[in-house]
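Shared chain: chain A. Partners: chain B in the first complex, chain C in the second.
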Partner chain A sequence: MATSQEILEALADYQRQCNENKRLRKMQRDWSKLIHFVAEDTGDKFTMNVVKGEIVSFEVGTNGTPDIIVTSTSENFCDMFWGDLNPSQKYLQGEIRVKASQEDVVRLDAITMIIWPEV
Partner chain B sequence: MTELKKVIKLRTVISTSTGMAIATSCYLAGIQVATIIVGELAWISILVAGFLCLLSAMCFSELTSLYPSAAGIKLYIQNAFNENISIIIGMFYVILGISMVGAESYLLASVLSGTFQIFNPFYDKFLWILFFIFFVGVINLRGVYITGIIQDIMTYSMVAFMIGVSIYTFATHDVNISLAAQSAKFTLENIIQAAGVGVFLFVGYEWVTPLAEETTDYRLIGKGMLWAIGLLSVTYALFIVAMFVGLTPAQLASGTPIPHIVFGTNLFGVAGTISFIVMSILASVTSFNSGLLNTSRFSYAMGRDNVLPRFFSKLHPAYATPWVSILFLGVLAIAISLATLYTGKYLFIILMAAALECFIYVVAAVCVIKLRKKYPEKKRSFKIPLGYTIPIIVIVVFTGLMIAIFTDVSRDYLGRELFKNYWVAVVMGGCFLCMILYTLIVVPIFKKKAEEKAKTRVKRRPGKG
Partner chain C sequence: MGSDLAKIKAEALSDFSKFIGPMKVRTMKAAGLDIIEDKREGASVWDITGKKYIDCQTGSGIMNVGRRNPDIVAALKKAIDTYDIGVFLLCSKPKADLAKKLAEITPGDLKCTIFGVGGGEANDAAIKIARGYTMKKEIIYTEKAYHGHTGFALSAIGRDAYKEPFEPLIPGFKMVPFGDIEAIKKTITDDTAAIILEPIQGEGGINIPPDEYLPAVRRLCDDHEILLILDEIQTGFGRTGRMFASEHWGVVPDIMTVAKSLGGGIYPISATIFKEDIQDFFIPHPFIHLSTFGGSDLGCIVGMAVIDYIQKHNLLDHAEKMGRKFRAGFDALLKDYPSLLLEVRQKGLMMGLQYTNESIGPRMTKKLADRGVIAIYTGNDPSICRLMPSLVITPEEVDFVLDALSGSMKELSGEAGLGKND
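Take a look at the complex of A and B:
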């Protein structure tokens, strides 16, 4: 199990990687979403705010009404934010569950695919 | 649990499920149902097909309540059997699903070329096919999604229009049911065979399951499918009978691929022609657009999962849509459409689609049984009542219907043989065999390559490298 602190560190790196990637920022330029991440094994929850493709903030707890809710284990989240895990594979295995439109599911996966195309 | 900002309501689940099933090819399939049995009594086979689809919808409802995900079909087959079988069936479903576009685009092209003549009927159809598929491809590529409210307006308008036209026809034409019941064609065997073809009228209703991730309550998907099948059953039962009595024997005998346009013209002249053309375009574009959207996202996911070549997961740099998957499926759709144009065997694809649906319903019912045995404690927000009775009925009945389709001979209104249906089984069997070979030979190569690549990659997470 990953601790809340570990996930926050992973999120910080994820935010930096996303925001510094020009290709991703261009692709997601019209994508503004409030995303909730729920780690079902530890009960930890996080909120990420994406405005026009830029991750402007992330914080512990669930704030606001989300556009997307992602549920998985703390380990999966940690690996996903560090770019060590292919979210699509986990999604197809049912280990990552997403409540969102199909477009948002693809866009969320696109982040990992653009930053770490080899994963 | 926190809810989403935008959620889909029951009304939209019903309209999406219904809208995916209503297509231009349904009018022709309806006439085929009416040809097998007596036209005035086609409603019996349609209601039988609807009732059977209702039972299969219960299986999909239980599976969706277990795996409320856009990846549902792969997930439940994978959990009930194994990954290889889920890949084989998933890809078989997608490839044959996109082949329905062949019949659909050919028929829509027939509708348009019959009205707007540019060169000659053949080249006009050719151009309309290209235009139609290109148009839907561009919509998909641009990531234009039909919103819930637009889907509601389009679907409920189409249903209201079809019911309204049917009522008008019954008020102005004679429908002699007692005379029809005395026909030699009105037999139990024909009712069943017509019901087998009638399954085609409901093709696609289950493609609403990916919306589970956008609902407030997963049970809405199940409820929506049941309501949609009910709505479709009533609408088709009325409309197909109305269309049959609204066409002259000569028009029925001509084997026209656009009976609804001829019917509309008979009823209301030019206004009828135009109204039915608009309905056709709406029906085709919505069902094809949803079909391409779902299949391209499935191909994208398969590319990401190293089941298909990795380039299938390439995203458009500006619209974040899986452009390679869209392009591949678009080209495949054009190839099938052109093959349909050259051979004129659109009925062949309709039967293939009906048989494919029967097969998928059987798979879903088997999955329900296997998953209940494998995961008896797993929470299900919907569980089919009466134990295994309904899934077993679905397995037996739809296997029977599939066999009935394969063993029949397709004939036109005058009883002339068009082709022997076992060729449908041969083509489907060939396609299924290709999927098996691909999964057993090619997929392991992609998977092994990906694993080797993953081994050489240094983990970024601190302490895991």
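Take a look at the complex of A and C:
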């Protein structure tokens, strides 16, 4: 189980890696989404705001009407944001659940592939 | 797995990723479908490592006569001793033979054909003909429709994700809900050229319209002098237990498009078949729509062999029979796994499983692949699994697929994330 603080630290690193990756920013420049992350084991919730491919903010709690809701365990979120797990595999195992269009599911996976191609 | 085969497979996947597309490989790997197709026979395909799969995807219905059907392969081998693609501007006997055969087997008074290579091209031609013949501009199409990724066809797709990056598309296309006759009535104007529909939506999720829908659309078209285009690209050539799905409702379109299974999984070919009246559009401009590779001599010979095979082996009856066998199995699954399986939509061997949850489609795809069945959720809706096996599938193979479905559902029912709101 990961603490809220640990997830926030992982998220901060994820934000930095995404925003500093020019290839990813260009690729996702037509993608603006409000994403809610729900850690079902701890009850922690987070909101990430992506505008034209840039993660402009993330915060504790769920704000606004989400385009995407990702539900999993706090541990999986930490591993995902640190690049230690393949989100596609966890999605197909039912450990990560995503309420979103298929296009957005692929976009989320594409982020991982660009930042951590070996995962 | 032999180390040589493992190496060949790894190299092929790596090269595919580098030179074709990394996300395709990544997605297939995650779904357990990182298969390198090797041997193909009947309803089955073997991975290069030797693992056998029953193919229920079949390129969304291109393998109605089975994979590498020996009769079709023999027809192509024989043809290539004499023929090549042919010069598209010249007349040819194989083209004439297949066009005549299509006029015989299609319903009603459909008679003339323009050949193409793929389904999108066939629908492009149909829409061009509709605009050219009627001298009107508007085309009505349906939500969740799929007609191909080419220009006119793309404009008639009922899924924004396929279209948005390429806008602006061709103007004059108006979308209505599938199965809703009143919506069509409200959308028709004096400038409506055609309504384009799939009799049963494939990519959209095996959506079967109410029985009164297609006849009502036909009447509306007649009343307003609008052309009805039926896209039978997935539903044609016996897929639903009739040669063409529109026969279930006794509806004859003005233009019908076919592709996929016409090529028998061996040689690409498509056809846009239309009523004789419409030929008048081509009299003053016979070369206004051309296709270099469309209706190649080799493709036409393969098409003839496919139709002959379907008729000679009575595949329509077999599809009905195997469809009923699948249905009995699905009914048991509906009873045993109500938390997973909500509904089954089926005509013959065009089958869709509606799961209760969007996460189930991808997860079932993976579990079925592990069990030796290729069955992939639809692009429009991951809560729907599309099953379109070859029409030559045997009763034993149907049992195998049903066992795989049952085993996968049993395993899945013990896992997390199955609530309707997850």
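By our rule, the second predicted complex is superposed on the first by the 119 of 119 C-alpha atoms of A that agree within 3 Å, B and C clash if a C-alpha of one lies under 4 Å from a C-alpha of the other, contacts with A are read in each partner's own complex, and residues count from 1 in each chain.
Everything that follows uses one rule, which is that contacts are C-beta pairs under 8 Å (C-beta built on N, C-alpha and C of every residue); 3 or more make two chains touch, one makes a residue touch a chain.
Bear in mind that the values here come from a model prediction, so they are computed numbers and not experimental data.
Asker: Just from the overlay, do chain B and chain C fit on chain A, or is there a clash?
Answerer: In the superposition, chain B runs into chain C.
Asker: Quick one: is A:L8 in contact with chain B, with chain C, with both, or with neither? Answer first, second, both or neither.
Answerer: Touch status of A:L8: no partner.
Asker: Once the shared chain is lined up, is A:H36 touching chain B (first), chain C (second), both, or neither of them?
Answerer: Only chain B; A:H36 stays clear of chain C.
Asker: Just chain B (first), just chain C (second), both, or neither: which does A:K26 touch?
Answerer: first
Asker: For A:I115, decide between first (touching chain B), second (touching chain C), both and neither.
Answerer: A:I115 sits against neither chain B nor chain C.
Asker: Between chain B (first) and chain C (second), which does A:V106 come into contact with in this model arrangement: first, second, both, or neither?
Answerer: Touch partners of A:V106: chain B and chain C.
Asker: For the three-chain arrangement built by superposition, which of chain B and chain C touches the greater number of chain A residues?
Answerer: B
Asker: Could you say whether A:D84 touches chain B, chain C, both of them, or neither, answering first, second, both or neither?
Answerer: In the superposition, A:D84 contacts chain B only.
Asker: Which partner does A:E95 contact after superposing on A: first (chain B), second (chain C), both, neither?
Answerer: second
Asker: Which partner does A:T65 contact after superposing on A: first (chain B), second (chain C), both, neither?
Answerer: first
Asker: After overlaying the two complexes on chain A, where does the chain B footprint on chain A coincide with the chain C footprint?
Answerer: 86, 88-89, 91-94, 97-99, 101-103, 105-106, 109-110, 113
Asker: Applying the document's contact rule, which stretches of chain A touch chain B when the two form their complex?
Answerer: Per the stated touch rule, the residues are 9-10, 13, 23, 26-28, 31, 34, 36, 62, 65-69, 78-79, 82-84, 86, 88-89, 91-94, 97-103, 105-107, 109-110, 113-114, 118-119.
Asker: Which stretch or stretches of chain A touch chain C in the complex?
Answerer: 30, 71, 86, 88-89, 91-95, 97-99, 101-103, 105-106, 109-110, 113, 117
Asker: Write out the stretch or stretches of chain B touching chain A in their complex.
Answerer: Touch residues, chain B against chain A: 1-6, 67-71, 74-75, 78-79, 143, 145, 210, 213-214, 293, 297, 300-301, 304-305, 313, 315-322, 453-454, 457, 459-462, 464.
Asker: Touching residues of chain C toward chain A in the complex: what are they?
Answerer: Where chain C meets chain A, its residues are 22-23, 26-27, 29-32, 161, 165, 358-359, 362-363, 365-366, 379, 382, 412, 415-418, 422.
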